[in-house]
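Read from first to last, the chains carry the letters A, B, C, D, E and F; within each, the first residue is number 1.
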Amino acid sequence: TQKYSNEIYKTANMPGVAVGLAWTYVGGDILFIESILSEGKGELKLTGNLGNVMKESASTAFSYLQANAKKYGIDPTIFSKKNIHIHVPEGAVPKDGPSAGVTMLSSLASAFTGRKIKPYLAMTGEITLRGQVLPVGGIKEKVLAAKRAGLREILMCYLNEKDVKEIDSNFIKGITFHYVKNMQQVLDIALV
Amino acid sequence: TQKYSNEIYKTANMPGVAVGLAWTYVGGDILFIESILSEGKGELKLTGNLGNVMKESASTAFSYLQANAKKYGIDPTIFSKKNIHIHVPEGAVPKDGPSAGVTMLSSLASAFTGRKIKPYLAMTGEITLRGQVLPVGGIKEKVLAAKRAGLREILMCYLNEKDVKEIDSNFIKGITFHYVKNMQQVLDIALV
Amino acid sequence: TQKYSNEIYKTANMPGVAVGLAWTYVGGDILFIESILSEGKGELKLTGNLGNVMKESASTAFSYLQANAKKYGIDPTIFSKKNIHIHVPEGAVPKDGPSAGVTMLSSLASAFTGRKIKPYLAMTGEITLRGQVLPVGGIKEKVLAAKRAGLREILMCYLNEKDVKEIDSNFIKGITFHYVKNMQQVLDIALV
Amino acid sequence: TQKYSNEIYKTANMPGVAVGLAWTYVGGDILFIESILSEGKGELKLTGNLGNVMKESASTAFSYLQANAKKYGIDPTIFSKKNIHIHVPEGAVPKDGPSAGVTMLSSLASAFTGRKIKPYLAMTGEITLRGQVLPVGGIKEKVLAAKRAGLREILMCYLNEKDVKEIDSNFIKGITFHYVKNMQQVLDIALV
Amino acid sequence: TQKYSNEIYKTANMPGVAVGLAWTYVGGDILFIESILSEGKGELKLTGNLGNVMKESASTAFSYLQANAKKYGIDPTIFSKKNIHIHVPEGAVPKDGPSAGVTMLSSLASAFTGRKIKPYLAMTGEITLRGQVLPVGGIKEKVLAAKRAGLREILMCYLNEKDVKEIDSNFIKGITFHYVKNMQQVLDIALV
Amino acid sequence: TQKYSNEIYKTANMPGVAVGLAWTYVGGDILFIESILSEGKGELKLTGNLGNVMKESASTAFSYLQANAKKYGIDPTIFSKKNIHIHVPEGAVPKDGPSAGVTMLSSLASAFTGRKIKPYLAMTGEITLRGQVLPVGGIKEKVLAAKRAGLREILMCYLNEKDVKEIDSNFIKGITFHYVKNMQQVLDIALV
């Protein structure tokens, strides 16, 4: 993770960019997810060496947002006029799994609303099509990675709270945790 | 199955969400199936790490519903104006087989009619294109999983009744069973 | 085959459903083929865990019917206004080979004309694009399976008659055999 | 080859059907190629368990015919109004190689012109896009298969004449051979 | 190479046909490349058992020609009104590599301009999208194959001149060599 | 790398051509990237034996440029009127990885603006969708290859500066280095 300095989080502070947490065989890591709109017909393009489960996660986030557009102040007709591209940097590293779901949703919602993501916020969690947030694994490693990278708030499923309780409190001093049940709570916290 | 508490069934109580029963190598499990409509041209999107047989099952349910739309009070022209997305949560777990057919049909019918699925109802069974429900395997494990998860009614093919009879009656006290022959019976029971 | 009782053949008695005979490593079996039309643009959807040869068989039946629509009283413009879905139940069982050709043709012709298939009739045979019926293997096993399942008439290529002659006549008492050369003969017998 | 009796050649006597010669590991064999037109937009569908080289052969024949439509009395606009389906019966048998090129061309030309192929004529040879006929292998086995099947005339590349000269003349008594250099010669002989 | 006699080069003398040189494990060989136009929408079809690198070579030639249409007297709107088919005969032989680039370009340019390729001219060389010709391997084997086949002129990259200098001059007596840097020089020489 | 002489850089001096640096198992190498526009509908074609990560890199560059068109003086409607082809010469050599991102972006921006790339400039670096430049590996080998090939300026991520500092200064005498953080800086330097 030495590729990113704190300075990165400032430059990241533009709509469409969210910070996720990944669990790799060398421990936890942070993961940027970038979404960008362009003129088009509603196509969803995914890059960044993503596996099928992670691609399905993005597709689920996209369908949820489209079906709940009005609730989040998004003009529903925009989905037939724009293409959306989601990219996860560091293309040399294969990435997979459902745990980036909340991050992908936040990135998409940020891009479509034009509202930025709260700075220094990281998140992890699977999402379902009806708007639930499900618990994921590797919480300890992810939280420590977020701490090392200088992040200040972490959002996850309320069913993962027990995993945070098991971490030595000295290691996570200064981190604020958000435990959520559904996507509306995610976006209430994530979108500035 | 500890991921879902009883509380989940209440939040699940929205159109498009149905509860199925799956048979895995670690025993029976419950399975949510979520369907959601969005503006489009009749495309069917499937996510949730589904194998080909399960995808074909969804396609069969979709064709049945489209061909029998009027019978269920669905405007037939809606199929060319909406896209439908079916998602089965827990994307990290591969899922396959034909036994989620009735659950997929119920989820789709619920999404297209706007009528909710009966709460605390689980179901399992293969469907055919002409509207029959076929028997499936793993009934004992599935029934016990439904019981453990707090479900109260279970729907299956009438040819599976013999498999229920073989379960110790103490284990299934309080569960109501529905034995059906065809999809019309499924939807009569499932849609509130 | 215990999944199907005689009752099944009555409920099967709707346009688009035909009964074929399959040859599996555990012996002969019966096979339902279901076709259903919906609004569309002439797409052919195939489900039921079908191998490539069986899919090509369906495609050949479809092209034959489209090219010979008038001969069978079908409005040729219907092919650009409807989608057709062919499903072969029991999705867990892989199926392949060309011998379901006549059954697929009959199922399609029944769906497009709205005329039902003769009840208690089973059939097996490869079809060609110009309308011939070719002989297939496994006749003995297929005939015995049809008998066990309560079917009363069996249709096949005239070049398979010699295979029927080799079966002990006690085993096939009460079965009527139809030996055909081409698809017109198939449909003359199959469509009520 | 016992599947086909002489009677077959009479019923084959309809536009779009041509007889080719194949070389298999059990010796030579005859091969029917069937082409049929239907309403459409110029799509070419290929079935019959064909390998990629054989599919490319069909595509080459199709492009040649389309580019040379006027020369053969075919209305060039027909290619945007019809779909064409080429099928090679006996779907259980995989088929490949370029040597069916002349047969595919003849089948297509017959279907598009409505002129029948000369009865009792078999052919073998690769074709090129500019209209040449190239020599192929397995001539002895193919010629003997044609003789056994009751065919009376065989067409091939003039560079294969040497291979026919090596066959014992007693074996090919009564067969007329046509040696050609290009497709125009093929169609002059094949189309009645 | 005994398949082609000198006579072939005369019949090859029609627009769209170019002669390339290939390097195979049995030595050098000549290679015909055929291009043909038909009514369509700018699709590029490739046949002849070509590998991916050779297909990309054709695509590069096509894009170059389209972008430089005016320079070569080609109406740029033709690319949206015609389909183009490139075929490399002898479908049984797999072919690959970038060295047919100049030959593919010449074949395409000949087809689009209606100008023939210079007779008895062979060529080899990779092309780039901006119009450069790059050197290729196997020059000695390719030149000897061209000589054996009766070809009289050979075109290649100027950086391959050193490879020709290493061939015994007795072997290449009577052959004229053209060394080029870019595609414009190729087409100046190749198109009559 | 002996394929390219200095002369090449002059002929390369046309819009759409950029010079990258690659790291191969035989050391560093230079890499040309060529982009060309033609009439079309916004399709992106990629050739040159590129792996999936490199293709995704091109797609990311394309989306970035499309979303930031106005910033770089590009008419945004051009993306729906032109097709773009990116080719990386030497088709026989497989290429992959994210490090050609900045070079692909520069090539595309040059093609779309009509402005040439600065001559004798090489570059390497991964890009992100939001416009960051990320560090890459193999800096020493790449820089030495650029030097050998006669290049005079090298652009890379500012986080790679430490890798340049480790190279013996005698080896890189006369080379100017540009360290950048984002794509705007890349294009400010690269586009003449």
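Throughout what follows, a contact is a pair of C-beta atoms (placed from the backbone, for glycine too) under 8 Å apart; a residue touches a chain by one contact, two chains touch by 3 or more.
Please read all numbers here as calculations on a predicted model, not as lab measurements.
**Student:** Determine the set of chains touching chain B that also touch chain C.
**Tutor:** Common neighbours, chain B/chain C: none found.
**Student:** Could you state the distance in Å from the CA-based centre of chain A to that of chain E?
**Tutor:** 52
**Student:** Centroid of chain B to centroid of chain E, CA atoms only: how many Å?
**Tutor:** Between these chains, centre-to-centre, one finds 60 Å.
**Student:** Measuring centre to centre with CA averages, how many angstrom lie between chain C and chain D?
**Tutor:** Whole-Å distance between the two chain centres: 30.
**Student:** Two-or-more-chain contact residues of chain C, please, as numbers and ranges.
**Tutor:** Within chain C, no residue contacts more than one other chain.
**Student:** Starting from chain E and stepping next to chain F, in what order do the chains sit around the ring?
**Tutor:** Cyclic order starting at chain E, direction chain F: E, F, A, B, C, D.
**Student:** Give the list of chain D residues in touch with chain C in this complex.
**Tutor:** Going by the criterion above, the answer is residues 3, 8, 11-12, 14, 16-17, 32, 34-39, 45, 47-49, 85, 87, 89-92.
**Student:** Under the definition above, what is the set of chain D residues touching chain E in their complex?
**Tutor:** 52-53, 56-57, 59-60, 63-64, 66-67, 76, 79-80, 97-98, 101, 126, 128-130, 132, 134-135, 159, 181-182
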